[in-house]
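In the two complexes that follow, chain A is the common piece, with chain B as its partner first and chain C second.
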Partner chain A sequence: MSIHEEVELLKTVPIFAKIEPAKLKLLAFTSDRLTFDAGQELCHQGDIGDAMYVILGGSADVLIDSPSGPIKVAQLQRNDFVGEMAILCDIPRTATVAAHEKLTALKIPKELFFRLVAEFPQMAVEIMRELAHRVEDMNVKLTAAKAA
Partner chain B sequence: MSIHEEVELLKTVPIFAKIEPAKLKLLAFTSDRLTFDAGQELCHQGDIGDAMYVILGGSADVLIDSPSGPIKVAQLQRNDFVGEMAILCDIPRTATVAAHEKLTALKIPKELFFRLVAEFPQMAVEIMRELAHRVEDMNVKLTAAKAA
Partner chain C sequence: MNSVALGMEKNLFRYIWRHSRGEQVVILLLVVVAQVFYFASLNLPKSIVNDGIEGKGFKNVAELPFFRVSLPLPSFLSDAGSIRLFDGVALTQWPYLVAMSCLFLVMVTVNGMFKKTINTQKGRMGERMLRRLRYELFDRILLFPNVHFRKVKAAELSGMIKDEVEPLGGFIGDAYVQPAFLGGQAMTALLFIMLQSVWLGTIVIVVLGVQAFVIPRLRRRILVLGRQRQITARQLAGRIAETVDGVHEIHTNATANYERADIAHRLGTIFVIRFQLYQRKFTAKFLNNLLAQTTPFMIYLIGGYLVLFGDMQVGAVVGVLLAYKDLPGPVKELIDWDQQRQDVQQKYEQVVEQFEPDGMLARELQMVPDGPVAPLSGEIVLSGVTVAEDSGAKSVDAVNLVAPLDRRLALVGPPGGGKETITQVMARLTPPSAGTVRIGGADLASLPESTTGARISYVGQDVYLFPVSVRDNILYGLRRRPVTPANYDEAERRARERFVSESRRAGNPDFDPADDWIDYDAAGATGPGDIDHRIVEALRAVELEEDIYQYGLRGTLDTSTRPAIAQSILAAREELHARLTDPTLASLVEPFDRARYNRNMSVAENLLFGTPIGKTFDPDNIAANPHMRAALAQVGLESELLQMGVTIAETMVELFADLPAGHPFFEQFSFIAAEDLPEFRTILSRLAGKSVADLDDAARARLAALPFRYIEARHRLGLIDAAVEERLLAARRAFAENLPADAADAIEFYDRSRYNVAATLQDNILFGRIVYGQAQGPERISALISEVLEGLGLRMAVIEVGLDYNVGVGGKRLSAIQRQKVGLARALVKRPDLLILNEATSLFDSAAQQRVLDKILDVCKGRGVIWALNRASFADRFDDVVVLQGGKVTAKGAPGDITGDKTFADLLAAG
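For the complex of A and B:
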């Protein structure tokens, strides 16, 4: 994929949408684009994490250990990001993320993530927005569980 | 309270901790500091929201409507922020927040919030960190509920 195509692809990802193309070129150069086969893990629950991932293609399962085995708690699609917890909160990975099918992801190391957020507040706003949505989704589910 | 005392107080709030005092002075001038008596509402579920709140003193209950009446889903303390969902996601208030006891809060209107985030990426990082923690807490609770 040419750098131009790479930038065009990144522009379609909501958290990068407001970043100017010249800066996206820098992102394309400084981040790794990885491919995972079905079943391969992006990260493993309990491990130390030093990067987040943005799904560029394919899908992934989010699995959490339980006494009766791993429970699938979410499925990730193109444009979703994952792994931000470990780099924001300095805690081990809280879930295992495994490719559900062949998957392409952008790996953003911790240092790059903080540089991006400092330089592109709009990216921070999009991430806050997505996290707020997740909190809201879970609130609805938990309230349903409590009311049941 | 003098502006100096106000700035000293704001410096102790984690999401503002990394903002320089001169800028905190501006925050103290441009935001409203409100007092609520026990039972008084900061916001009401379903209403349109145009501000978030940072609790400076006292405590508040977060209540969500259910068929069997309001359910308390969380309690807020000093330094907690609330109401970010409505301004980040442009949706009506997802919960009612009522003072549990006499409460002081800083009201940050939407426009000021976005200006602060753009100017102080560190504030965005602290908010992302807190939201990521909330997602994680809820994940643990939901996984427990699913495994039960």
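For the complex of A and C:
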């Protein structure tokens, strides 16, 4: 895929929607677009994180270790992003993310991520929106668990 | 051989005489004989002109005697003025001229030969003496007591041996010959003057006496200054070396200007000293000349008076003056010689006194052992050992300790509590100021170094590595004596014999560094073939094996010394590529294929299709390389590449326009450096709406160079489609086919069936490029390569190459931890009876320390280990523990028994 096609693809990803094309081109040029085979890990729970990923194609499982082995807690699709918590809070990876099938993802290194967020508040808003959704989702699940 | 290294001879002359009297006498004789020929030849030109050409001698006789040899004698010995030794051959004028001319040529040649021989002899003698002196000085460094090295600077010692004694070499040849020769000349002239007139002779002697008295007095200050000059220059060398050693501190503390101030001040001091020297020197010269001219003045005045009012003949005065003409020359040279003598004598003394510290080691401690050294057994016993520092503080205070050589002893205690010093005492690095150390019943201080060096290993916190390979650093501990003589063919053996006999003449030992000095037996190996296995065992114990393996993969192979490994690596290449046919792996590597464009390589690499050797086809130079340009022109690619350059420049200008200069992206991703971006912007604006053909050559060259670094798979600008690929492949073929003969050595083409000498081991196995954008591609490939090598049993071969890795000056190409590990491996590989470690793993993290400690204790099972631990918690692995605090033993016993001891408990609690 050439860089022009990639920019077109990135335009359709919601968190990049408001970013001007020239910047997207720089993002595409300086970030690695990686291909993962099914089962390959994007990140591993407990490791130090240095990048976040935006999924451009395929799907991935989010797995959390438990005494009885890894539990799948979520599935990620195209346009989802993952790994932002470790670089935002400087904490180890909170979950393992593994490719469910053949997957392509944009790897955004920590430094570039902060630069983008600082330059494009719109992107920060998109990420906040997504994080808020996750908290809400968590609350729902927590309430359900308490009720049960 | 003396039991204690004797002081050196203080007097340079006696030193020279002792070691070169034979040669000095030979040279003196040669000089005397040469004089005879020289004087004999002086008369020749006169005879040739007068008799041979003008025929004066033939006016009365038809024949003259040729080659009549007569010895001129002063008139008081013979009335005739000479005695005849050979009557000669009678010749007529023409043959006489021919004979005399030929004789002239012969005499010139003979005189020249004498001169050459004498100078060569002098030079050789001087160089021999210089070699002897330098060797003796170096030899003494090896006998210095360890404490002395706290006071001396390395640069000063090397400066003394290298530079300060150098002028001695030139002087030694003249040390005796010159005064003998010049003195003889002067005495003859003086004698002649005395014979002419006792009066005038007396005057000449008086003036010479005044000269001999006054000049040395003038020189006294010069000598003092000379000494100061020598010392300040030496200190300057020491300071410069310190600046280099401490350069990090200088930069981090911003003290560069403080250092500049210091050096400038020193240079100023040296200038003052040197300037004073010049002043004194030329003043002395002036006075000297003045005094020399007083004599003719006296001769004119007094000689004239005697002629006018006395009974002296004018002829006699003229004779005296002529004789005196011959006197100043030799006298002046004698004075010069004397000045040089004082100068070198002073230099010599200055150097020698620096090489006589107190407490020099006995020479026999370093005698070369005849064969393997018997193992040590029994126990190491410290009785009342005290180590007092210069300040009087005792770092070890009356310690008594017994450690059997088959048990493990841990020394624990607070830092500076004495455990570190104790290990140094046991390793004989610090001599005890009181008390004794006995090992296996023998006094440690009297054991030869060959015994302790073979049977005891010591590793401290700082490990010094020599700037050689990892292997040679580890085997350094086994080089105590020549074990296997070097193999020489007949010619080499004769050359070696000449070399050795010359060594002996200069008092140097005749050891041959080309011999194999490695004591394979001591390491449990049979020879060079399996020593690497012993090294690997040691590397495994200290967890350095993987690092060395990695160095091997990233290293290049010298196929001339290890041809077998090259073959094995080719087998690994085939195996790897066989595995890469697996569909899950196939996408990870794009193999080199002469017939295909490799999208994971740059354009330049694709065109070259080989590893550049040297600068000719270096990626930075390739765009301008005439041969490459010819190849591109041949397939008509030049304009296409130029167009690509324009596209790349446009993209870069667009993408990187807003980034601040110095942003890391420029370095990582851009084809264009930040500072060059405006230039490209200008070029592009000039280009707007015009053809690239309108640009000037320089601008076109800048643009044309850009695509060479372009990698399609990585940069993804879509510049190289199938058609362009085809033409680039055509250019690749044109480049290889027309490669000029002189450039054939500048590139090693990729060839599936050949080992590529210029590439690393890893690249040779991979024979392709890791594909961009595959998650964990490099990691998976590296694991796969390891698997392949492991499967083929080649890990050891890679480690062999890794062991060739040069550690750099002071081991700086290794990390501090790796240096400690190499030091430990060096200590382990010689299988000591007693291993003494002084916080030798202090840089490791705690878990690694624990693992390595267990492995080392396991390797040394049944032998003695004494370990000063930086963590008391490791003490439970040892048979005995000794707690040292304030230089005293406060507790000892089995680790389980002394947990009640307060200090030990505190140390345990502290970790």
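Methods note: the second predicted complex is superposed on the first by the 148 of 148 C-alpha atoms of A that agree within 3 Å, B and C clash if a C-alpha of one lies under 4 Å from a C-alpha of the other, contacts with A are read in each partner's own complex, and residues count from 1 in each chain.
Methods note: contacts are C-beta pairs under 8 Å (C-beta built on N, C-alpha and C of every residue); 3 or more make two chains touch, one makes a residue touch a chain.
Just so it is clear, the structure is predicted and the values come from calculations on it, not from any experiment.
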{"item": "Chain B versus chain C as contact partner of A:141, first or second or both or neither", "value": "first"}
{"item": "Comparison of chain B and chain C by chain A residues contacted", "value": "B"}
{"item": "Partner chain in contact with A:66 - chain B first, chain C second, else both or neither", "value": "first"}
{"item": "Partner chain in contact with A:30 - chain B first, chain C second, else both or neither", "value": "second"}
{"item": "Touching partner for A:133 - first (chain B), second (chain C), both, neither", "value": "first"}
{"item": "Touched partner set for A:4, first chain B, second chain C, both or neither", "value": "second"}
{"item": "Touching partner for A:42 - first (chain B), second (chain C), both, neither", "value": "second"}
{"item": "Overlap of the chain B and chain C footprints on chain A, listed as residue numbers", "value": "none"}
{"item": "Residues of chain A that touch chain C when the two form their complex", "value": "1-4, 6, 22, 25-26, 28-30, 32-37, 40, 42, 111"}
{"item": "Touch list for chain B against partner chain A, complex", "value": "64, 66-68, 71, 73, 84-85, 88-89, 91, 94-95, 114, 117-119, 121-122, 124-125, 127-129, 131-136, 138-139, 141-143, 145-147"}
{"item": "Chain A partner contacts - residues on chain C that touch it in the complex", "value": "584, 587, 654-656, 664-665, 668-669, 715-718, 772-776"}
